[in-house]
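Multiple structures follow.
There are two complexes below, and they share chain A, which is joined by chain B in the first and by chain C in the second.
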Partner chain A sequence: MTAIGAKPAAGAQMEPVPMAIGLILTLIIIAAAFVLTGSSMAVALVGIIVGGLLIGFGVHFVPVGGAPAAMGQAPGIATGVAMLAAGAGLAGLFGGAWAAELGFAVAIAGGAIGGGLMMAITCMMVTLIYVYGMGIPCASGKVAKDPISGDTQTEFKSQGTEGHGLPFSSYVGGVIGGILGGAGGTLIYLELLHIYEDKLPVILNAGIPAEVKTVAVSLAGIFAIGMFLVNAVLAAYNITGTTEGPADPKFKRFPRDIVASALASAVCGIVAIMIVL
Partner chain B sequence: MEHVVFGIGVTALAGTLAAVAGAAENTESDIGSQGDPNSQVQLAPQMGYIHRIFNKAIAGEPPAYGLWCALGAGLAMGFMLLQYNPVLAIILGSALTVLVQGVYATTAYLGRIASLSKFGQPVYVDILKSMTTVTMAHAFIAIFTTVAICYLMNAALGHPFPLPLLGLVWGIALGAAGSATGNPFYGKERQYQLQKFGAGVPIAASGNIVRYAEAGQRNSLDNGWFSAKLGGPASGICFGLIVFLELWRTVIFEGIGAGWGAIIVGILLILVFTIIDRYIEVWARKTYGPYAKPEEAKS
Partner chain C sequence: MTVKVEVKAGGMPHNNIMALGLIGSLVCVYLTYLNQLGNTQVFSFFGALAVVFAIVWGSNAIKVLCSYGIGTGVPSAGMMSLGSGVIAMLLATRYGIAAPIVAVIVAGIIGAILGYIANNVLSMHIPVMIRSITELAIVGALTLMGFAALATGSFTLTPLMSGAAGFSSSFIGASIIAVAFMLGGIAIQHPFNATLGPNWEQDRMLMLAAECVFLSAVMMAIISFAFVGMMAAIISLIVTVVGWVYTYMQFIALSKRDAAAWLDAKPIVEPEVA
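Moving on, here comes the complex of A and B:
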């Protein structure tokens, strides 16, 4: 057993009391939004929270190997969890924001596909570099057989490592993570954009809503990016280090992140709403 | 029709700029050891291997490039508001941003290496002087091309995000694509060049990075030369494909089916890349392995 393969001594178990407290606090914030700002704002806050949940859940799918992956010592993509997820999710947000005028469903789908496409290209290039640049085949360190392709893994691991490259389930996980992140980021952006387009003309005393369109888009975009990073970093703390994606035992920790993301998104969301009230 | 042709031209130009941005970004980060292999550069002196490798990793590539591209885009927008020509504004914005990157690189190198003094690792002033300017030059190319892409997206293709916000989004995406693609090539193939080709670095070898070049001690300019041969261009292709295909599917197919055309094309592209990935994975399994019989590996 090596340091990378060692089971974490703590941090994997679910704590029911803190999770219950987190859920109750989330509900209190939604109730406060309903009382203070009305039902439409409370519904928007719920949308923001759902967007945060999609981001947090999606990050758990992304296979990230960090520094060990850069040396071919562990499977995954050789970068940080939060940063890779942010890169994919923000590329999705770019697409979603572009399609915002085409309707809610098209924008969300556009954001999701934008994030998924970014991850598909990145994961394919990672496999390409490992195979053709370094001569290393993909091998998981956590499972004996790939759950999607059924390929055996252990006999392709090189000596003294915990696996390397991106096995097929990790590739699929990366794409799913990008899709969920892109959809979540776009959902937060759209909810905030609707609020700001409604409220900013009144606050800024602008006669034509188009005059404040740029301000609304900028503000919604900044908050969406900020909330994306909050949720991605929370998920990274939950994962602690490297992960192979959905096939990794650490994936089962996601319920804890769901609660944390809901609470964090509720707090950030109500601040983002209150600034225009 | 003219609008579509114009869009295709802008998309092609943005894709080309993105390819250059990705290649420059990865080479810059490898010269500065800013990606994940920085852990080995930092670990080496602690294991008794004193080196002359540059290390400016106090932030990951995505947040660092998010900052620099947002700053470059913000400054460029400011110059444009002062009625400067957009090309000149982008150049000036990028040049001023590179000064910030230079300060970052200097303080980061001094901080990281000074922390290793207890292990006998010296701060080499000649390394600081020669490497910092080279990373600044590469960073200028990466920032200039990325801000130019953002300007094209905003001014020519009509994306609603303002220039600094686009700089932040695409700076983070640039860093993510460059570090994901380029890090393994720098980490495994360069820092551990003496380890066997076609295998991961055994964990027991951690810290034993290659410190000598053909003549004298290796420094990060040698590493930049090596990365520019494959890691950099591969990162460029990665970021170029991301930018080009994202714009291409939107510009050409968004008008079909009230926006659903671009989404369907996006799904098809994901499937195509999935098939390519699976083909490469299976090809590697057939060509390189297995290294042991399944029974032996399990035992």
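Moving on, here comes the complex of A and C:
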């Protein structure tokens, strides 16, 4: 029995008490950042949290199929969310990091386009392999009609499966998820990069700030990767591994992940900021 | 409430492995500090041994967690481990000689909060969730600290950020840490993912974990030629290669023991065309 094939037990219900605790902890961390480090750091921390929320929310759009999809028994991209996050999200992060010197808005847009483009290419190649390689049509198991294209699904769905291939709404969801994830990762990177470019020359006693720029870029990049993976995996736990994208009933669980991503990003973000204090 | 998928317990209890991994890893990381005391670099190879202890513990922790069926695949736990570990490890490097201890504490705090989020906010309700995520975050931090010590001979922030030819040629400045991140990630994800199933045996999984770490450490030892002296790097390379060959042969022997049958497959011989 593989872990990916086991039926996960996480319920769909909201738990008010842990969610309230999570929100309160997040606010306490932001307040602590404000008191201990000043308003500029607190604003940066809020930016990091917003980036984490974008990543967590974006993962809910991505059609993660897992092992059942690889066997043509469930719709979605046939891999786990850790791989999709590492592929699509980091492609977005690299796109945004490349554009970091061209200004805030351009960099965020670059990250969003990088992530979205990577997911669009992934979804297209996955569909090609499903249709022409495995010989299965794309059919959703969760909805009778595709919410975007209006195509009927049930005639194409094989008996005993939860659907297969990559339905149109899942494709669109994947691209939206890539855009949100890429933008979120880039936002985290930019906030950290500004902090490190300001503070690292003081810590390292470097005469010329330009010398430490590579250190700042590398440090911000690895922190952004770490936070990206943490947020992506938490979102994957929320949807218990597999989803069909925005058409899936599991999509309605996203409020839980908003709290989870906010707290996780706040904790990781304050640690990342503390390294230069 | 979840039901445990794997019925097979067997082998050394997890608490013993945890104690061995934590203490062994910390001791080995601290042994690399002999570099600073003796003004040498030849003790860098202890960094590789620190990672072996950490990931042997980590792969068993992943087994404990993933036997409940977390639904996202085994690699996700490893990714979260390194993702939270790198954040704790980088903060800890600021604290000089106390860095490994601080890394364990900070990673423990981050891991406990992430575990609470996964277990309660996201209502996974897995009994070992908080503990396992905490352990995995500590494993991730110690893994990266071990690799940093192996590559540069040091685990504090200033040497990691300033290389021989300025800041841009350092462990962090040249983003070698990203390579260490992925090498550690591969090593921690693979062992349980490759050996799970009804025929799972603990000693085989742990041997595979050690083998994966040594293989990653060979890469880091090669990278260390750029940071430490020739002698120290050659010692690291020899230790890691010998460790890899030994653990690989042991793993093959254990695989033969557990296999139903072992056929020494040979390449298909192409018939001679006259």
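Simple rule for what comes next: the second predicted complex is superposed on the first by the 267 of 277 C-alpha atoms of A that agree within 3 Å, B and C clash if a C-alpha of one lies under 4 Å from a C-alpha of the other, contacts with A are read in each partner's own complex, and residues count from 1 in each chain.
By definition in this document, contacts are C-beta pairs under 8 Å (C-beta built on N, C-alpha and C of every residue); 3 or more make two chains touch, one makes a residue touch a chain.
Everything numeric here is computed off the predicted structure, so don't read it as measured data.
Visitor: For the overlay on chain A, clash or fit between chain B and chain C?
Guide: These partners clash in the superposed model.
Visitor: So in the superposed three-chain picture, is A:Met83 touching just chain B, just chain C, both, or none of them (first/second/both/neither)?
Guide: Touch partners of A:Met83: chain B and chain C.
Visitor: On the A-aligned overlay, A:Val43 touches which partner chain: chain B = first, chain C = second, or both, or neither?
Guide: In the superposed model, A:Val43 contacts neither chain B nor chain C.
Visitor: So, does A:Cys268 touch the first partner chain B, the second partner chain C, both, or neither?
Guide: second
Visitor: Answer with first, second, both or neither: which of chain B and chain C does A:Ser158 touch in the superposed model?
Guide: first
Visitor: Touching A:Gly66, do we find chain B (first), chain C (second), both, or neither?
Guide: Both chain B and chain C are touched by A:Gly66.
Visitor: Pick one for A:Leu234: touches chain B only (first), chain C only (second), both, or neither.
Guide: A:Leu234: touches chain C, not chain B.
Visitor: After the superposition on A, what does A:Ile222 contact: first (chain B), second (chain C), both or neither?
Guide: both
Visitor: Which partner, chain B or chain C, touches the larger number of chain A residues?
Guide: Comparing chain B with chain C, the partner touching more chain A residues is B.
Visitor: Quick check for you: in the superposed arrangement, does A:Leu102 touch first (chain B), second (chain C), both or neither?
Guide: Touch partner of A:Leu102: chain B, not chain C.
Visitor: Going by the contact rule set out at the top, does A:Ala32 touch chain B (first), chain C (second), both, or neither?
Guide: The answer is neither, since A:Ala32 touches no partner chain.
Visitor: Taking the options 9-17, 27-35, 45-53 or 117-125, which segment of chain B carries the C-alpha atoms that clash with chain C in the overlay?
Guide: 117-125
Visitor: With the touch criterion stated at the top, can you tell me which chain A residues are shared between the chain B interface and the chain C interface?
Guide: 2-4, 66-67, 80, 83, 86, 214, 218, 221-222, 225
Visitor: Under the touch definition given earlier, write down the residues of chain B that touch chain A in their complex.
Guide: Chain B residues touching chain A: 35-40, 60-63, 159-162, 165-166, 168-170, 172-173, 175-177, 179-189, 191-192, 197-206, 230-231, 234-235, 237-238, 241-242, 245-246, 249-250, 254, 258-260, 262-263, 266-267, 269-270, 273-274, 276-278, 280-281, 283-285, 288-294, 296-298.
Visitor: Along chain A, where are the residues that touch chain C in the complex?
Guide: Within the complex, chain A touches chain C at residues 1-4, 6-11, 13, 15, 18-19, 21-22, 25, 66-67, 80-83, 85-86, 203-204, 206, 211-212, 214-215, 218-219, 221-223, 225-230, 232-234, 236-238, 240-242, 256-257, 259-260, 263-264, 267-268, 271-272, 274-275.
Visitor: For chain A, which residues are in contact with chain B within the complex?
Guide: Touching chain B from chain A are residues 2-4, 66-73, 77-80, 83-84, 86-88, 90-91, 93-95, 97-100, 102-103, 106, 109-110, 113-114, 116-118, 120-138, 144, 149, 151-152, 154-168, 171-172, 175, 213-214, 217-218, 221-222, 225.
Visitor: Looking at the complex, which residues from chain C come into contact with chain A?
Guide: 1-3, 5-6, 66-80, 82-88, 90-91, 94, 106, 109-110, 113-114, 116-118, 120-126, 157-158, 161-162, 166-168, 170, 172-175, 177-178, 181, 196-198
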